[in-house]
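Given below, in the form of structure tokens, are the structures.
Look for chain A in each of the two complexes below; its partner is chain B in the first and chain C in the second.
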Partner chain A sequence: MTNAIDMQAVTRRFGESTALDAVDVTVPEGSICGLLGRNGAGKTTMMSIIAGQDRPSSGRVEVLGQEPFENESVLAMLSFVRDNQRYPDDYRLHHVLRIAPDFAPHWSEEVAAELVDGFRIPARTPIKKFSRGQLSSVAIVLGLASRAPVTLLDEPYLGLDVTARALFHDMLLRDYAAHPRTIVLSTHLVQESEALFDRVVILDGGTVRVSSEAEDVRDLAFTLSGATDVVQGLTARSTVLSTHTVAGLMSATVWGALDDESRTTARDLGARVAPASLHELVAAIGEHRPEPADLALHEKKGVRA
Partner chain B sequence: MFTEDAPIFQQLAARIADDILAGVHPEESPVPSATDLAVFHQINPATASKGVNVLVDLGALYKKRGIGVFVATGARELLRTNRRAEFRREYVAPLVREARALDIDRATLRQMIDDEESSQQ
Partner chain C sequence: MSAVISTVKLHMNRRETTFLVPLYITGMVAVFSVLISLVFWRSGSQPGSAEWIQGSQSNPGIVYALLSFLVYLGVSSVATTFPFALTLGATRRSFTVGTLLWAAITSAYVAAILAVLSVVERATDHWFVGFYVFDVYVLGAGDIGRLLPIVFLGVLTALTVGGVFASAWVRFGARGPQLIAAGVVIVIAAALIVVVPAAAEIAEAFQLWWLAVAALAAIALSSTGTWLLLRPAVVR
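After this line comes the complex of A and B, so read on.
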């Protein structure tokens, strides 16, 4: 399978701060990839670089086999609507819908019309007066109706009501099935969106902590809960990402797999072991301050891929 | 909808199998396409295909090229046989474990099963 997106050792510095640090990420063509991590993890910076709106300080980026920065042939294949996209002051919905096809050669009027109707986007209100949810709706219309081979959706759910989120998922999957493309979607609503993904990238503090097939994420970490001394004893030599304690009870989210011996011990001592769910993993990674030794360990296990 | 206990494709396969056993999809009738299943359950289409393929590999479903996926003749019996093999692990083992945790002795447990059986008749 060829890669729609290929980032090798991509670093982006803004003055003193490093927004992305030696990021290696590949997204195969036709994939729906979840881009996850805390605020400030580097998700939007990464999308801007993929979209050719920003340039890495060092490293190499290829989108559909070419460098995206100031590259017209790539930009025609790409759709990226920022979560804080601005529109000209006097713009209403019809202005946006009129010019959007100029930038999207695969534009679908039908998709746009169905979404505008389903989201109930007001036609006469100036866009600058739109609510957060209405702005998200416009961004989703632009993202999906463009049918771009590489579609980047940055926090598409902000302010969307539950009906609108279901409509978004429905249209995304239907149109993706009919017109396969590569989709990267960043979100904090991990539980609600995780079933959409076949790939997952988790960023933290500008570094890639997980880049994996969605299905394999279950094997990356586990949670162990039970009496505090039991949990501490069993995880003494492991990389513990996060712990929660109340009165003698502890729950720990731990990298890697639990060996059979520890699993048996855990059961005999009344502790519970379960694969960490994606949202537990994202939350735990966001809490964890990695030691350099931890990162090396994950690299060996292929977690950082 | 789906739980976190098992990968989604396995849960989807189990759900289609349930529907076949319950007669929702009779033998030699079509099942929904992977795309329809993906949209219906709001899951990744590749995950949905994988779920369908679990049952294709098992021989409970078969693909007609360009037409769709159908329930194989004998699928119900096949799935029943498979489920029987899982029955001890999935149902009997936890039952015995829980009974032990609650100090329910063997005779009482048997009596409970007998009573439950008669009450469901």
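After this line comes the complex of A and C, so read on.
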């Protein structure tokens, strides 16, 4: 399968701060990739580089086989609306809807109209006076109606009510089925979105901690719950991503798979073992501070814990 | 090329700001000029007298009123439009070229408007009562051959200078425009230090086309500066 996005050893520094550190990520054409991680993990920086709005300090990025920066033919195939998007002074909704098709060769008036109606985006209010949810709605209209072969959606849910989120999901899946494209979606609402994802990338501190097919994510980590001493004993030699303790009971999210012998021992000692959900994995990785040894161990598997 | 045209259309998308606000401002200046003329009239000055004509034609109100708006328009054409242009898929190169093209179109539009109003003003013997709004020295005193280049180059200078200040802000934040302003002040001061001893001779030899050359230099420097500042700029 051809990759729509290919990032190799991409590093982005801003002065003393490293926003992305040697990132290797590929996203196959026609897939929906969830880009997950805490605030400040590097998600928007990564999308910005993919969209040609920024350049890496080092490394290589290709979108649809070409470098995106200042590349008009690639940029015409891309859509990226950042979560804090600024609009020209005095802009109202009709200004956006009037100009966007000029830059988006695959623009769909029907999709735009349905979303504007469904989100109830005000027509007469200046965009700079929009609420957070209304700004997200405009960003979703731009992202989905463009039908860009590579669509980057940066925190599209911010401020959206439950009805609007359902509309977004419905339109995304419906239009994606009719017009397949590559979509990268960053979000903190992991549970609500995970059913969309074919692929998952988890960033933390500017590094890729997981880059995997969505169906393989449940094999990456497990949770172990039980008496604190039992859980501590069973996880003594494992990479524990996070722990939570309540009244003598402990729940640990542990990297890797539990072998049969350990699973039997856990059951005998009254501990409960379950695969970590994507939500638990993202939260645990966000808490975890990896030791160099952990990194070395998991780099061999193509993922980092 | 298509992204350049799309960028021009992106700027033109603010139709009221680009096409109507200059008309509103011109109308306001006309009203204020008439009111001021009425004050002079009531104070004993006679329309059509040499003193009246001399005083009226010295009124540069139209320039002051338009200048501040045009610099603002130049600033906003980059400060808030550049991030949105990148989002839509414009390259920095096409944005810079498209913005310069839009500025030239806007300059031609304003020049044409003022030229028409100036012709009408003279054709009606200054609105039938001797009021001077556009037939003023700063716009060529009724000479359309002077008015057109004066307004075109003046508007283009205001828009591009506004644009380069905004580009410095996009690139470096608040320090950017401050650095440009400081640099301009230093260059002007240094030039004055050099030419002041010969100021009298220079004033005597002054030709109007010198201003045109200065405007062209400012436009070229501002446009080049805009490109150099926006090329590595990161929108965050």
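As a working rule, the second predicted complex is superposed on the first by the 303 of 305 C-alpha atoms of A that agree within 3 Å, B and C clash if a C-alpha of one lies under 4 Å from a C-alpha of the other, contacts with A are read in each partner's own complex, and residues count from 1 in each chain.
Quick note on the criterion: a contact is a pair of C-beta atoms (placed from the backbone, for glycine too) under 8 Å apart; a residue touches a chain by one contact, two chains touch by 3 or more.
A quick note: this is a predicted structure, and the numbers were derived from the prediction, not measured.
Colleague: Label the relationship between chain B and chain C on chain A in the superposed model as either fit or clash.
Modeller: fit
Colleague: Let me test your reading of the model: by the given contact rule, A:D170 touches which partner, first (chain B), second (chain C), both or neither?
Modeller: The answer is first: A:D170 touches chain B but not chain C.
Colleague: May I ask you to decide whether A:E215 touches chain B, chain C, both, or neither, giving the answer as first, second, both or neither?
Modeller: In the superposition, A:E215 contacts chain B only.
Colleague: Once the shared chain is lined up, is A:L196 touching chain B (first), chain C (second), both, or neither of them?
Modeller: first
Colleague: Using the touch criterion from the header, give the chain among chain B and chain C with more contacted residues in chain A.
Modeller: It is C that touches the greater number of chain A residues.
Colleague: Could you tell me the angle at the CA centre of chain A between the CA centres of chain B and chain C, given to the nearest 10 degrees?
Modeller: Computed from the C-alpha centres, it is 140 degrees.
Colleague: Once the shared chain is lined up, is A:S277 touching chain B (first), chain C (second), both, or neither of them?
Modeller: In the superposition, A:S277 touches chain B alone.
Colleague: What is the minimum C-alpha distance, in Å, between chain B and chain C after the two complexes are superposed on chain A?
Modeller: Nearest C-alpha atoms of the two chains are 27 Å apart.
Colleague: Across the two complexes, find the residues of chain A that touch chain B and also touch chain C.
Modeller: none
Colleague: So in the complex, which bits of chain A are touching chain C?
Modeller: Interface residues on chain A, with respect to chain C: 48, 52-54, 70-72, 75-76, 78-82, 85-91, 95, 98-100, 102-104, 142.
Colleague: What residues of chain B sit close enough to touch chain A in their complex?
Modeller: Within the complex, chain B touches chain A at residues 2, 4, 7-9, 35, 38-39, 41-47.
Colleague: Within the complex, which stretch of chain A touches chain B?
Modeller: On the chain A side, the touching residues are 32, 166, 169-170, 173-174, 176-177, 195-198, 214-215, 218, 274-275, 277.
Colleague: In the complex of these two chains, what residues of chain C are touching chain A?
Modeller: 2-3, 6, 9-10, 13-14, 16-17, 76, 80-81, 83-84, 86-94, 234-236
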